[in-house]
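As written, the chain order gives the labels A, B, C, D and E, with residue 1 at the start of each chain.
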Amino acid sequence: MSLPPGTLFLLAAALLFAIGAHGLVTCRHLLRKVLALNVATTGVFLLLVTLGRSGTAVDPVPHAMVLTGIVVALSTTAVALGLIVRLQRQRP
Amino acid sequence: MTAFYLAGALFLLANVVVALARVLRGPTAADRMLSGALMGTTAVAVLLLLYGATGIEALIDVALIFAILAAMAVVTFVRRTWPEDADEDRPREEP
Amino acid sequence: MHPVEMLFDALLLLSMVVLAWQGVHARNLFRAVVSFMMFGLLTAVAWVRLEAPDIALAEAALGAGLTGALLLATLGRLDQGGRATRLRTTFMRFSLPWMALGLAGTTLLLAVTLALPAPGLDEAVLRAMPAAGVDSPVTAVLLNFRAWDTLLEIAVMLLAVVALWSLGQDVLASTPRLPAPALPALVRLLFPLFLLSTFYLLWRGGHGPGGAFPAGALLAAGLVLALLAGARVPERMTGAPLRCALAAGLLAFLMVAVGVMADRGVFFAYPPQHAPILIAMVEIAAGLSIGVMLTALFLGGEPTDVEGGPS
Amino acid sequence: MGLPSTATLVVILVTLPLATATVLFASGRQPRTLILAAALLLACAALALGVNVQLEGISVHPIGGWTAPLGIHWQVTPSGTVMLVVTALVGLAGAVYGTGYFLHRAGPEGRMARVFMPLWLFAWGGLNALFVAADLFNLYVALEVMTLASVALVALSARRLALQAAMRYLLAGLFGSMIYLLGVALLYGQYGVLDLDALAAVMDPQDPGSRAGAVALTVGLLAKAAIFPLHFWLPGAHGRAEPPVSAMLSGLVVAAAFYLLLRLWFGPLAGLLNFGVGAMLGTLGAGALLWGGVLALLQRRLKMMVAYSTVSQFGFAMLVFPLATAANRDAVVAGGTLLLANHALAKAALFLAAGTLVRASASDRIGNLVGFSGRARWAWLAVILASAALIGVPPTLGFSAKWLLLQAAIAEGAWVWLGVMLGGTLLTFAYLGRLLERALLDPAPEPTRPPLLTLALLLPALLLALLACVLGLWALDDDMPTQWIPGS
Amino acid sequence: MSALAGVVLIVMGLLFFLSGTVGLLRFPDVFTRLHAISKADTLALGLVCAGLALHADYGALQLKLLLIWLLVIVSGATCSSLIARAALAHGIRPWQR
C-alpha cells in the first residue's frame, strides 16, 4: 500500500468531474443535465478539499470555498429546476 | 478499538452497497425510496462508528442532522412526487 | 494509513462514482434522482473522511434535506405525460467519442492533480487566528478573512429567490390527495427540534463546525417539512414581512460591512474588541435569512395566497 | 474640495447596487426617484474613480485589513476602471430606458417592470464587484452573481423562446463557472494562493498545475464570453431578451468575461502566453469573426442580427492575444480594453435603438422597419452613430482601439492577423450597411397608429452612441495611463 | 467490562443491519420490505447507539445518541405508514402466499 495520500479521492474527483461533464454534453433531458452539472461540481469540490489536506495540516480556506460553492450550486440548481418546470408548463 | 470501529463501518458500507440492487431493480418507486431510507439509517450508523474511530465530535452532529432529516425525503416523495407519478419500471421518457 | 481505512475509502468512492453515473444516466428518471440523493448522502461521509466536518454538516443538511426535496418536488411538478423537456442540440448523438474524451481527460486531470504540491494557506490562517474574533478557523475564513465572498454568496442566494419569483407565482401541486394522518403529528414533534438544532448549530459556529449555512439549511428543512405536512404560509407573513425576512441577511451583512468603516475606514475591518459580537450578529442574521431563502427556493415562486401583492 | 478617496468610491460602487436591489425587492415597489438617484450616484462614483485613476494609477485595497495571501484585495486598474465607467453609463442608460419601456404597463408587463430593476441592479453589482476583484475565488462568486442575474433577465418576458434561451444560457454559464472553478482548484493546489498579484509572483510556466489551471480558467471564460465555438447560447439569449436586457448582456456581461480573460492572460498567466497559445486564441477569434459576421449578414430579424454581431465583435477582440509581445503589451491591452468599451457603448446603443424601432414598427423584421421619419429618426441616428463606432470610422472610440491593434500588427509584421482584422471590419460594414440600406432606402409604411416614443426611449441610445463616437478623441490623448493591467 | 458489552451490542447491531438488507432484497413486495427496513434497521441503530453510549465517557454525548435513536424511531414509523398508505392508494396489493 504505497499510494500517496489522497490518491483515491483525487481519482474519484477526476471521475466525478468526467461523468458530470460527459453527462452535461450527452444527456438530452434537462433535469439530467442539471444533475450532471451537480455531479461535476462535487468532483471539483472534492478536488479542492483533497488538495487542502495534502499539505502539512488541514487548510480551512478550501473548506470555506467549498461551503460557499455548495450554497452557490444549490441556488443555481434551484433556479435551473424552476426554469425547467416553467418550460414544461409552457409547452403547447 | 479503532480497527474494530472501522471494520464495522466498512461492513455497513458493504451492506448498503448490496442494498443498492433494490434501487436498480425497483420495481415500484416505493421500493427505490425504501433503499434510500435504508441508506439514510445506515449513514447514521456509519457516522457513529466513524466517530468511535476518530473521536471527532462534530460527526455526532452530522449523524444527528441525518437523523432529523431522515423523514424528509420520504415525506416529499409521498406528498409531491408519487401522487401523480407513474410507478412502473418503465422509462418515463421517449426513447 | 490503516488498510481497513483504505478499503473503506475505496468502497465509499466506488459507490459514489457508480451512484453518480446512475444519477446521470439511469434509464428511469426517478431512479436517477434517487441515486443522486444517495450520492449526496455518501458525499457527506466522504467529507468526514477528508476531515472536513464543516462541509459534512452543510452537505448533510442540504444533501439529505433540501436538495432531495427540491428534486423530488420538481419531479412531481413536471408534466407526467412522458414528454420530456429537452434542448435541441446537434452534437449530442455520439456518446462514444465523448466517453473517450472523458476518460482521457480523467487520466490527465488525475496525473496533474497527483503532481500538485498543495502548499495551502493553513499557516497564514493560523497566524491570523488570534485576531479573528472566533475560535473556529472555517468560520474565521468565512466571516472575517474572506467575508466579502460570503456576502456575495448570500447575494447569489437572494438573487436566486428574486430570479425564481420573477418567473411567476409558485406552481406547487398544493393539495395532495393522499391522507397522511401521521404526518402533522410528526411535524409537531420534530419542528421544535429543528429550531433547537438550528440555534445549537449557530451557537456552535463560533468554536467548532457549525455556523450559518448548516443552521439555515436545517431551519429551511423544518419549514419545508411543515409545508409538506399541509401548513400554509400564514397570510400576515406573506408579502412585505416575507420579503423583509428574505432580504434581512444580505442587508445586515452589508450594514455591518459598511458600518465598521466608522472605526478604521476599511471595508469589513471589524474593530478588534467588537469582532466576536459583530460576527455573531452577522452569523445569526445570515443563518435565519438563509433558512427563509432556502424555503423560498423550495417553493419555487412567490406564495400565491397573497392579497394586494403581485397582480 | 477634492474627490472622495478611491477606497470610498469602490465601496460605493460595489455595495450600492446590491443594497438598492435588496431594498427594492423587500419593499416590493419601484420608486422611480430612488432608482434614478442610485443609478446617477453610481455613474458619478464611476466617473470620479476614473479621474482618481488617471491621477493615481493602479491602487490596491485590502478588504477587512487582511493582507495577501490570506485576505481578499480590491485592485483598481485603468482597464477595470474603463469597464466600470462604461458599466455605469450603460447601467444608467438602461435604467432610464427601462423606466420608459416597462413602467406604465399592467398585466404580465407589470410583473416585468417589478422585477426588472432589482435584477438589473444585482447584475450591475456583480459587474462592479468583478471589475475591482483581484482574487480568483472572489471572481468566481462575482461571476455567479452576474450570470444568475443575466439569466433571470433573459427569462424576464416568460415567453417560451425566452425561457428556452435562458435555460441554455444558464447551462452554458454554469458549465463555464464549473470549469473555471476547476482551474481555481488546480492553481490553488499548485501555489496555495488566490490573490492575482501573489499568483503572478510565484507563477512558473513549467509547473503542471499552472498550465492545466490556465487551460481550465480559459475554457470556462471562453464559454462565458461566448467565443466561437462556445457561442451557441448567445444569439438566442440576446436576441430574445427584452431590449434593455440585451443591451446590458451584449454590452457588459459578455465583455466582463472577456475582460477577465485579458486580466488573467496579461496578469498572472502572462508567462504562459507564447506564440502557440496566442495563435490558438487568435484562430478562435478569427472563426468567431467570420461565423458571427456571416450569420449576422443572413439574419432577417433586427435583434438577432445585432446578437450575431456580438459574436463577431468578440472574435475581433480575441485578436489581442496573438498580437501581444513583451514590447507592445500595454498598447495591446489598451487596445483590447478600448475595444470592449467601444463595443459596450455602441452595442448597448444599437440594442436600445433597436428596441425603440421594433416598437415603432410593431415588427422586428428588418424589412418591416419604419423609415427615417418622425421621432423614429432619432433612433435611426443612434443606429448610424453606433454603426460608425462598431465599424471603426475615425474619430470614434472603435477607431482608436482598432488603430492601436493595427499598429501592433504592422509593427510585428503579423499580416495574417492584419488581414483578418480588415476582413472583419468589412463584414461589420456589410451587415450594418445592409440594415441601414434596407431600412432607409426601402422603408416600410408607418403603422396607422404609431406608439408614442418618449424621450426615455430615444435619448439613452443616442447619448451612448454619441459617447462611443466622441470618446475616441480622449483615447488618442497622450496622457493615457501606461500600465493598464498589473503584470508579473 | 462495559467496553466488551459495547462491542457485543455493536456487533449485534451490525447483524441486524445485515438482516434488514437481506429482507429488502429477498422479500416479495413493498409491504414486507417495509417491515424489514423499519423494524430491523431501527433496532440495529438502537443497538449501535447503545454500544457507543457504553463507550462514551460523558453525559451530553449519551443524550445525543439517545436523541438520534428516538428520532430514527419516530421518523421510521411515520415514513413506513406513509409509504404503505401511498402504495395501497396506488393499487399495489399486498403479497399473498
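By our rule, contacts are C-beta pairs under 8 Å (C-beta built on N, C-alpha and C of every residue); 3 or more make two chains touch, one makes a residue touch a chain.
As the structure is a computational prediction, the values presented were derived from the model and not from experiment.
**Q** Looking at the contacts, which chains touch chain B and chain C alike?
**A** For chain B paired with chain C, the chains in contact with each are E, in label order.
**Q** Counting C-beta pairs in contact, which two chains come out on top?
**A** After counting contacts between each pair of chains, the winner is A-C.
**Q** Report the inter-chain centroid distance for chain C and chain D in whole angstrom, where each centroid is the mean of the CA atoms.
**A** 31
**Q** Could you give the separation in Å between the centres of chain D and chain E, each centre being the mean of its C-alpha atoms?
**A** Using C-alpha averages as centres, the distance is 58 Å.
**Q** Using mean CA coordinates as chain centres, what's the gap between chain A and chain D in Å?
**A** Measuring from centre to centre gives 28 Å for this pair.
**Q** Where in chain A do residues touch two or more of the other chains?
**A** Residues 17, 20-21, 29-30, 33, 47, 51, 55, 59, 61-62, 65, 68, 72, 75-76, 79, 83-84, 86-87, 91.
**Q** For chain B, which residues are shared contacts with two or more other chains?
**A** In chain B, 16, 33, 35, 57, 64, 68, 70-71, 75, 78, 82-83, 93 touch at least two other chains.
**Q** In chain E, what residues contact two or more other chains?
**A** Where chain E meets two or more other chains at a single residue, that happens at 71, 75, 78, 82, 85-86.
**Q** Name the touching chain pairs, would you?
**A** Touching chain pairs, listed by label, come out as A-C, A-D, B-C, B-E, C-D, C-E.
**Q** Applying the document's contact rule, which stretches of chain C touch chain B when the two form their complex?
**A** Answer in residue numbers: 2, 4-5, 7-8, 11-12, 15, 18-19, 22, 27-31, 34-35, 37-38, 41-42, 44-45, 48-49, 51, 53-54, 56-57, 60-61, 64-65, 68-69, 72-73, 75-77, 80, 82-84, 173, 176-178, 180, 183, 186, 190, 193-194, 197, 201, 204, 208-210, 214, 218, 221, 224-225, 228-229.
**Q** Flag every residue of chain B that touches chain E in the complex, lowest number first.
**A** It comes out as residues 1, 4, 8, 11-12, 15-16, 18-19, 21-22, 28, 30-31, 33-35, 37-38, 41-42, 44-45, 48-49, 51-52, 57, 60, 63-64, 67-68, 70-71, 74-75, 78, 82-83, 87.
**Q** Can you list the chain C residues touching chain E in their complex?
**A** Residues in contact with chain E: 177-180, 182-183, 185-186, 189-190, 193.
**Q** If we count contacts the way the header does, which residues on chain E are in touch with chain C in the complex?
**A** Contact set of chain E toward chain C: 71, 74-75, 77-78, 81-82, 85-86, 89.
**Q** Show me the residue ranges of chain A that touch chain D in the complex, using the header's touch definition.
**A** Touching chain D from chain A are residues 17, 20-21, 24, 30, 33-34, 37, 40-41, 44, 47-48, 51, 55, 59, 61-62, 65, 68-69, 72, 75-76, 79-80, 83-84, 86-87, 90-91.
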